[in-house]
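Below you'll find the structures, each written out as structure tokens.
The two complexes that follow have chain A in common; it is paired with chain B in the first and with chain C in the second.
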Partner chain A sequence: MNNPLYENWDELESVIQRTFGKTTDFVKVPIVFNNRKGWILYYSSLVGSDDLSSKLMLPLNLYAGKTDSLKQFRAEALASINYQYLSEWVSIARQLNKNSVCMLVEGEPEALTIEIGGYSERALSEPNIQPSVYGPKIAFTEDIVTNLSLLRRILRTKSLQIESYDISSDMVTGAVLVYLDGVIDPGLLEEARQRIRSLEGKKVTTLTHLMKQLRDNQKTNFFPTLMMNERQDACIAKLMEGRAVVLIDGTPSAIIMPVVFQDFFDSAEDAYLPKAMLVFLRLLRYFTFFIALLLPGIYIGVINYNYEIIPINLAMEIAGLRSNLPFPSVIELLLVEGAFEIMREGSIRMPKIVGNALTVVGALVIGQAAVQAGIVSIVVIIIVAFTGLCSYAFPHYNFSFSVRLMRFAFIGIASILGIFGIFLGCIALFAYLVSQRSFGYPYLQFNIKRP
Partner chain B sequence: MNTSKRLIAGMVCMLVIMLLSGCADRVEPGELLVVTAVGVTKGEKGRYHFYFEGINPSEFTETKRQNISNSFVFDNEADALSGAIAIISQEIPLKPEFSHMQLIAIDKQLLEKGDYDYLDFADRFDQIRNTLTLVAVNGDELGHIFATTTPSLTIPSFGILRQLNELHNSVGGNYPTSLLQFMKNLTESGHNPTLPYVQIQNPDKKAESIDYAKQLNKQTKINLKSIAVFKEEKLVGELKNLQARDAVVLQGLGRNTLYNYNCGPNKFVSIALQFASVNKKVTYKQDKPVLKVYMHAAGTINSIQCANYFNGKSEDYNRINKEIDKSIKQDLMETLTTVQQKYKSDIFGFGEALRISNYKKFKQVKDRWDEEFSRAEVEVEVKINVQRSGIRGEPFTNRIKNKKY
Partner chain C sequence: MLRKMDSYSPYQLFVLIFLFLEGTAILMNVGFDLGRDAWLATLVCTFFGMFLVWWYISLIRHSKQKTIYDVFKLALGKVGGTLLGVLYITYFLYICARDMRDLTELIKNAVLPALPLEWTALCFMAIIIYVLWIGTQNFIHLFMLFGFAFAAILAIFFALVIADGNYDFHNLLPVLGDGPMSVLPSIFTQILEFPFGELIAFTVIIGTMFPMLPSKVSKMAMLSVLAAGLLLTLTVVVELVTFGPSIRERAMFPLVSAARNISIGNFLERIEMFIIFAILLTVVVKVCIFAYAAIQGVAWYSGKPFKSLIIPYVLLTTVISFYVSNNMSEHINAGLRFVPFFIHIPFQFIIPALLFILILIKSRWRKPNEQSAV
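Right after this comes the complex of A and B.
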């Protein structure tokens, strides 16, 4: 079929050297297996020494002398551990990269790889991006097995199906497709499988890569058509609605697909709220969406072109505040918006110890000083601050990215065309949203139904 | 290649939009002169003398206040309003802005002549709203009216408007006629226009200063208790005080008002009316028109000055209902006949009612409707339903007379 692992035991060492290179974390240990020579190969960065000694070395000491072959040894001493017999260096390398240890024994044509693992992992922690008051205080971690366990601990049913895919160029990074059999639409399932399978051989190591490849519309991505979620209860709720969840090794979030526009307005918290409150919050979020998207644009349009629609007392107030200012309203608004975005970005990147101080001080200093110095008017500060607050009201962080960006587009068009421009922009945005699809589901529909 | 072409196309599109769009219309609110009121009188050099009330907007802010007056009056003479606006631009380095104009005050003399040539601009100009209020004034008082502040409302035109609206809402004493309504009545037969007539009592130079707000005894007042009556398009006279109120009620424009009647010598029962509604009907009885007025409203007893007149029983309510009906009927009849005989002008809209109900007849009498109106018979029917007496049934004057303890 193909070449054997080695021609001659003595030249094996140089074969190993050639295959794995000179990386320092690669360990090869010569052993003696029932008076035969052998090698144990592993990456010290992927296999913990405690686990290695307890799971492999101890059984080796106890049983190696009593068994004739590697297969017998595995069956007697390592019965509870995942294993594979491999006869290709490529697949051995792949297994070693998946936390396994490889055993080669003189005279055996195949190598035994057993999964040991045991490198240190982060413990389960509370959700940071999407915290909730009543829901479970568990977020996904970087480890895919832990994440799957989090899902199955709640959905204890045989219809919870998990399909594993080795994607990425070296076929190691693991992606997992989770769905509820019998609930999910077969068409959707087939499409999800196809899209994930099409990634095999491409460079996919993080969730962002994966999302980019899974999207319907590869070119434009003004609004997210896939949802990132770090909450166990949200994923379970979506699974039960018949959607699929994709997890990837190394990212503490899941991708939920398909999602529509309306899904970005409900948070995991909603399941724990009374109905009336839920309706109120939902309406509030739609309201904040329009505020965060349009308010600065409407302000510019009204101030610069449609001054007559402002009630007279407010008009006089604004005229008074805007008098004797150095910049035109648009430049002024962009300055303050820019300062706000910098503040926002700065406070995220700041070390946590000083992080809180920065936002308060920054807001106070920049806002108050700029108004007192007569560089900007206080109306603009109010507009920007309110808009900023509204853009924090979205339950989904990546959705607010889109709103933040589109806001500048609306400021631009309003500064050229006024309120008319805002309407044009809204029409264009609506047309765009209507034309979007998420796994074939129309993006702007209220319930997730396939046409 | 393809992407660069697209980029260029996009940039060209943006450029075209920027060049062809309304960027030129852009205004900066800080550079506007907000004009809130315009007054017109007869001019000497030009055809008209225009008064403008401009706003000092910085006075309305917390941070930029200079403690100067909130508004100021400037005037010039020109042949038309548009010409006057052009002159403003030469005098004041701000862009005049008329979209927040709320008041046009017109000299009585111009109205008496039926001169409306300045109004076409207001009707036509896109910035000017046709919902603004028109008032009639005495030409020589106009400068004072635009410079006299009302307590707590430091812009004169705001003061007049607020006062006018308050008067209309609480007692129906006058009606803030909009430009649109005035033009409608002017251009249609069957309902001659009326305007609120603004007068100033004790005009004083001292009152035309922001320091006047610090004085406790304010003698300079704006008087809004009259209505200017028009015949066709010319102003012919005025109705004062209670007759003005009756005229507003008869036009069907008063919702809340107050009527009194005597219950004893120099003692009154006062009834507040709500939801007043007036229906008018015109019929012909052997070629003589009959004007019918049906008025009904809900009433609340506001005060009773006669002791032992009212005990809170239902027969008392019935008696009050009958008395107030009679009293209102008499008041309305008086006002109607005054207008019929003195001004011979249908300011109430009876012609309009005839046009709606009997268009054929109206067509015949359209051109001489005001004469028909003045010789018409008048029938008034009033039905007031007094149901409430405030939070007290029996008045305390009863208990003074019949002490229980």
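Right after this comes the complex of A and C.
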């Protein structure tokens, strides 16, 4: 047994002072519990006053006089609330930081902590990043308990298992591993447990940190090997396929693991579509992937080296449009691509009112004026616009980052080696994808049987 | 469900051998001096090729070893085995360099005439290094992907040839017009060595892929050789029927020329880029497997890790591919007249045959000894 919480009731106040410091949101209230002295401790920033009075103060007034001990009081008056009996200041502090209230009563060796909560939270909202037409209109929120409830409301089975881990340096930020017992591969489960447990004590407070720590290849990460998802139905579908989901307090998304390359071409919406439409949409997405990745590179390769492979009329047309331009085709394409990327980045960060003006200005300046001034050719504008359009067609936003980045590599290699460079680049890209692993599973694999 | 893919499946071997055989054979002018009977010679060789791959696999299986380098040691002892092993490593590197040269000549002639040969070769080399670098399991997995792409491109190509309608089967007649004896020498001195005899490189890989070498594996390998041989025959037929034996004889890369001839509705023209891409995929497979066979040998004898040897040996191969000949015609001439007689036949047939006999004698010899010891 460790040191008792206090030696002497009278010096308790100074002990509390020493342990919790002088932070202003820390509240200590002296109470009287059946003619004995007591303290109630909590953080006012974590415990709502309405909940506190209805859940704790009211029962205290009604029952405290009739009970002899803290245990009896809890059993009679607070039976429906999560509680812990603690005898160490460190664990009490940790519990207080998890929205709890601590009760100390003279003569009792242990302190009672009960979870009250009740601070204000965002209500459930529609998914913003991955909206859908038919699917449920509920996205995860910042609160982990709400998110878990969203999952269990659909998967009402006892095989839905939830394991909590206290990660991060202060051991308070909670991460939760969710899986379906009996469906998940035991090796994967053990690996997931190990990786999350190894994070204890590291500075992990957001999902992005967690993703960085959990993925297989920590150095290079051109393509996402773990999936971030804010949709409840997508997570449930993946859970039923035997994958695991990790949630962390404070981020309105979940991590799905492991994932493969093909998963980034599925949207949660697909489950509500007829089969033929589904196949068409998948093919369309793969097509847009290759267009968004390769089209600018192919353009450079074709007009600089291998103009014979396009129809002769088109080649003449392009040559005619390019005849008076000041820059080489690569510089020209990079100028327009760069402007487009800047515009895209700007329009995300801008306040919504300014955003409209930005797109109008960008479209005017880049589309119309640059062509009329004879700086870039109209073909380049078409290429960049079509490429940009294709890169918006991915169901998963963070996947399009990879494509945007890789596109510049393909432009570079095509300007040196033409179409042959595109071929070599494709081989290298797929060699890279094949060599990646997501929780030990190959990132690119074929004939995945889906239930 | 996702799968981990820790072990190899025989289908992977099928794709591997298939692409390996297509390798540069689909690109080069196979049996150019046979005229209209080239396809028949290829077909006949396919069946010899099936026998060859069965023989190579049973050589490994019979000696209960993993690679051919172990077999050398078993048959000839340490010193003799090492000498023969070094010879074989040199052989693999040389063939690897020749295949690399084939590809760079193709790129120079058909895709990038303005670029120097060295530059193309260096870029290709970088890809080979990367593909070898990602590990055996990964690159075999990658070659499965190549297999799908190759099959799709070839299927589209044959469909377009038929749609184009510019072919004449009379080009194949008369079959064996000069009598069977005119075909036989070329069968045994050219086509059987290239591409079928080059399967000797698989003696290094197959034992590590499938440790026990069950009979399923050799069946699948033979099936793969059959499929590859039939496809090769089909491409030779397509080349012959689209522009006849006399033009085919003179074409440097007949399949590319056949693809270039296709023109449908003034829109689908010049589809040779797709064919070149398919050829590039198969050449990557072939070069990687030869390089793997050679580097695995070096790693086996020197005890150095495989990865540390990739860059120096692939660099060496690239340098050899520059100096292997001065120009394209010299390169082809050497490939058809010199290499089969003096390099392929000893390394593909004579040495393995002698090894097989040696191992048979040794195993006969050993059996009574072991029994008496018990």
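Definition applied: the second predicted complex is superposed on the first by the 439 of 451 C-alpha atoms of A that agree within 3 Å, B and C clash if a C-alpha of one lies under 4 Å from a C-alpha of the other, contacts with A are read in each partner's own complex, and residues count from 1 in each chain.
Assume contacts are C-beta pairs under 8 Å (C-beta built on N, C-alpha and C of every residue); 3 or more make two chains touch, one makes a residue touch a chain.
All values reported here derive from a predicted model rather than from experimental measurement.
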Combined model on chain A where chain B meets chain C, clash or fit: fit
So, does A:A428 touch the first partner chain B, the second partner chain C, both, or neither? second
So, does A:N324 touch the first partner chain B, the second partner chain C, both, or neither? first
Just chain B (first), just chain C (second), both, or neither: which does A:P274 touch? neither
Between chain B (first) and chain C (second), which, if any, makes contact with A:P351: first, second, both or neither? neither
With the two complexes superposed on chain A, say which partner A:P186 touches: chain B (first), chain C (second), both, or neither. neither
Identify the partner contact of A:F446: answer first if only chain B is touched, second if only chain C is, both if each is, neither if none is. second
In the overlay, answer first, second, both or neither for which of chain B and chain C A:E308 touches. both
Between chain B (first) and chain C (second), which, if any, makes contact with A:I378: first, second, both or neither? first
Of the two partner chains, chain B (first) and chain C (second), which one does A:P258 touch, if any: first, second, both, or neither? second
After the superposition on chain A, what is the angle at the C-alpha centre of chain A formed with the C-alpha centres of chain B and chain C, rounded to the nearest 10 degrees? 40
Lowest inter-chain C-alpha distance for chain C and chain B in the superposed arrangement, angstrom: 5
Find the residues of chain A that appear in the contact set with chain B and again in the contact set with chain C. 305, 308, 416-418, 420-421
Residues of chain C defined as touching chain A within the complex: 1-5, 107, 111-112, 114-115, 120, 123-124, 126-127, 130-131, 134-135, 138-139, 141-142, 144-145, 148, 266-267, 269-270, 273, 276-277, 280-281, 284
Chain B residues within the chain A interface of the complex: 17-18, 21-23, 25-32, 34, 36, 55-61, 63-64, 97, 99-100, 102, 127, 129
Could you pull out which chain A residues touch chain C in their complex? 241-243, 258, 260, 305-306, 308-309, 311, 416-421, 423-424, 427-428, 430-432, 434-435, 440-442, 444-446, 448-449
For a test of understanding, state which residues of chain A touch chain B in their complex under the given definition. 303-305, 307-308, 312-313, 315-325, 328-329, 371-372, 378, 416-418, 420-421
